[in-house]
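Comments concern the structure below.
A, B, C and D are the chain letters, set down in written order, and residue numbers restart from 1 in every chain.
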């Protein structure tokens, strides 16, 4: 699914008559002090309908930020505004914010349907309404068959869908997702990631999603806020936001070495999906067409791991369906391996062994062929 | 390695352990079996015994109810809230276990006695503590409330606080969250703590005898019969009391399972 | 969410909890503060009081030592060995907690009394239980041994059985494995259980008074002073006893930390 | 390190005057009944000095077998013989068997040196002797600098070395290793695997090593015993040995579908390391020379993952340093991917996408080139 501009998406949602009212969020000079941890001077703006990803290494700080937004921690300073109204003093139940935890936090004494209905019951919705809306959200998330099951009988992916349904059924103005995919295995994670995209697209809720996974951040986020934690003397640790921007900005122009190292993926490009004669290509701005396997359309980002790129001194015709000629522009030493940057353009970085480097008799400025499989191209 | 007689050390241990178990079991068995069913039945028919048993059950029930009302909130706060002096409060809750019960009785008398401020204040409403049901209740309450509070606290501690947070974000007020999430999830622990407290209240002697020799609860009755008429007369009552406690205890273990075991 | 006064529910809870805490703290404080230091000092100087306190400490120590000797092996077997009737034994160990102490006293008298088989057998060696130190010891032992056994069992359960297995494969006999691995690793739990048992023994009243009114342990002395001379004479002794228990209790909490908390 | 024949290794050890006396182990008709698990009819022979690996999916059965050999579980039937002497009734402390657990099981109240000395102390060794032998074994395992540390301060790899030293210092007749590498991260695991090989080579102790990792089994085992667990009605589960043989036998001639599936690696070959003009090759029996990166010498086994092999219709000169021509002899459908078997000889199996298959216009009997990096060749 393509990332359309937010305003366009919102107009689409309005057309569809979705009852969700996405809101904008502003955080101003926020400090939260807890035992052993301090949230330091957070300023953050999230536009209505935006999907913001908070990215940072595993730690408690990102969760604390989400919980502060939800009203579960009282800030020691600063303000939180939703649609311009100050909600800093508001208790969580009056904020209309949905929260999804990494390990689902389903009520173990209630079955899936009762879990989903919980928020509606708390608002005193009529029985009829509850049933209808639970059924509707279950349909949206494809969990109708799970409604009678108790939480402990659900798999991780199923439980997270139920948790998502529970948060969405009350039509929150803002959806907070605390590493919602981290506890899942790879396949389920990818499935649910697609689901999150689809739901965000369909409902248009403003969402803040916390993760430590750069690829997840790139895949989902309209913008990414990079979060950093560090020791802070007697206060224990403190954390704050060090950079906010689109995934590409973060990636291309990291504001600090920390960000650069943390988002250290290489070979990230933008392009447009083109289908020609049954083949799928991504046409980069530089004109290069990269064969890929995808169901996406339109503007996409793509990422190729350096270790998936093979270098050779003659053109390849192999099962590696992408083969380009380029010129070696840079070689970085990585111990037993070398990072070779090849200008095609754009610039690709390949990881090769020192021995291959010698075999290929490569050196800066030399012409070289690089190849990678279509399946090695990660699109989002 | 897993069986009882796996090696000589286990056998020595088993012999030592057996001594201790015999020491517990023998007196109890002996007391229960010394009087035939006929004598036990006669004891049950004894008006005074029945009145004492009824009073004990009732007083302990009231004490448990009071502890429930105030102790469950206390347990919840201990499990959830952060406040200065928290460890002090925890210690305070455990104190009645180590204070000798006769000293506890004296201490209660110092506050609830006829001449005291509280005693006279309650007296205005016709509530008398010394030698009356309220005195029995506060004595039982004092010595046995740690059982309920600690069990409930452990119950609340076992509830993931994030479940409560989710409930709050879903629009649940603190009260609705407590009744809809925290309480039902801690209920088994609370219940088993309440039963344990009730059982412990049934068996209270030291504090009760100082506050209220009369009306007589079963342990006091037992003591009085022993003092006035000797062992022969006290023994059937003791047998009856032990059997009742055994029944309660078995129910408790069936509910609580191994984890909520009494200490 | 974490602070005490986070919301109205917390405040209501805090008020209810405060009532309960006041109910525990006030009588104890009142008793301790009612007598000035001078009176307390006078009480300590009282020969009878000192003898009673010494006797109580000593008797409870012996009871704890016996429980240590037999109870630690029992705890180890409960933690490690598999045998039929295991749950029964576990229940048996917990029984003294729910049996009313006066009934426990009667039951012990049924077995260790002067006319009984055991009483006479011990009599041949000059050991008398009724109205004598051994009677006090068995009364304390009976009612407080669950504290030691359960703490020790939990201590042993927390020791990874594979550590013992490794010790065996390294040539350690069962005995050397027990003393070199299991016991040192469970030692903290055992110690805190022993202190708790000792403290619990100090405060025993119901069972002791039936087996041995004389020689007088502190709780009985307290009761006797109250019965014979009234509250005014009992109160300084109660204050002293409460202070001693407080000291023991604080030591216990410093050793055991939060986990080994008394229930 | 090459796997030399056991007898040869033993003679070397005798020459070196090692004080370890390796023993042979025989297990005859062994049954062990525990609550919920039963060890079923085990027959196993381990030669003196042999390194036997017990391989099977994660489960409790393999540990139970080791513990039964160590005397920690009493068998309900059957006999265990060490050097022909029946030890079935012997308590563990009289068997002279070293045991190493997956999570180290170090005594938490003793420091590393005291942990290692534990067994010597239990045997009442003199203080001098204890010190000397602890120092010697610490030197052998390279943990001299750790001796004063408490177990909780050690990393996984350090702790496992200490555990190994503790088991070895008493010179056990038989060393039992219960998944000793499973709790370690990849790099540490590989390091310690080499260490185990070296120590076994230097000391020559008979060893039984339990693992669920086929590559580990192949890397270490003179022989491999495959262990299987299955539900057994009211008895809970039961487990037994389903096949014993050299790694190659197990791999080439699995006795059952279970074994075949469990050892489902492909492209396992035997060869001899040849160094020529600074290059390292493995010469297969079929004559093929495969470029590899290794410090091993002599006879080796090698394993190449199907997904590491690239197919192409023209010869490749790339950083993938192995390139061979072959003929497609078999194509197996794996859903989105295909397993293509190519006869070079020997036969290689490559994993390719369906699209590559079509692009390359491959079909059975067609000639094709296959290529893989030297670093993709796993040797042992």
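Side notes on the structure shown:
One rule holds for everything that comes next: a contact is a pair of C-beta atoms (placed from the backbone, for glycine too) under 8 Å apart; a residue touches a chain by one contact, two chains touch by 3 or more.
Computed from a predicted model, the values in this text were never measured in an experiment.
Chains making contact with subunit B as well as with subunit D: A, C. Distance between Cα centroids is largest for the pairing of subunit D with B.
Measuring from the averaged C-alpha position of subunit C to that of subunit D gives a distance of 54 Å. Between the Cα centres of subunit A and subunit D there is a gap of 40 Å. Centroids built from CA atoms put subunit C at 58 Å from subunit A. Subunit B and subunit C have centres, each the mean of its CA atoms, that are 16 Å apart. Under the contact definition stated at the top, the residues of subunit D that touch 2 or more other chains are 72, 91.
Contact of a single residue of subunit B with at least two other chains is seen at positions 1-3, 6-7, 82, 165, 168, 173-174. On the subunit A side of its complex with subunit B, the touching residues are 35, 67, 70-72, 91-93, 95-99, 101, 105, 107-109, 118-119, 121-123, 166-167, 170, 172, 176.
The touching residues of subunit C, counted against subunit D in their complex, run 82, 160, 162-163, 165-174, 176, 180-181, 184-185. Residue ranges on subunit B touching subunit C, taken from their complex, read 1-4, 6-10, 12-14, 16-17, 19-21, 23-28, 30-31, 34, 67, 69-71, 73-74, 76-77, 80-83, 89-104, 106-113, 138, 141-142, 145-147, 149-151, 161, 164-165, 168, 173-175, 178, 196, 199-200, 202-206, 209-210, 218-220, 222-223, 226, 231, 234-235, 238, 241-242, 245-246, 248-250, 252-253, 258, 261-263. By the touch rule above, subunit A contacts subunit D in their complex via residues 293, 310-314, 316-321, 352-353, 355-357, 359-360, 369, 371, 373-375.
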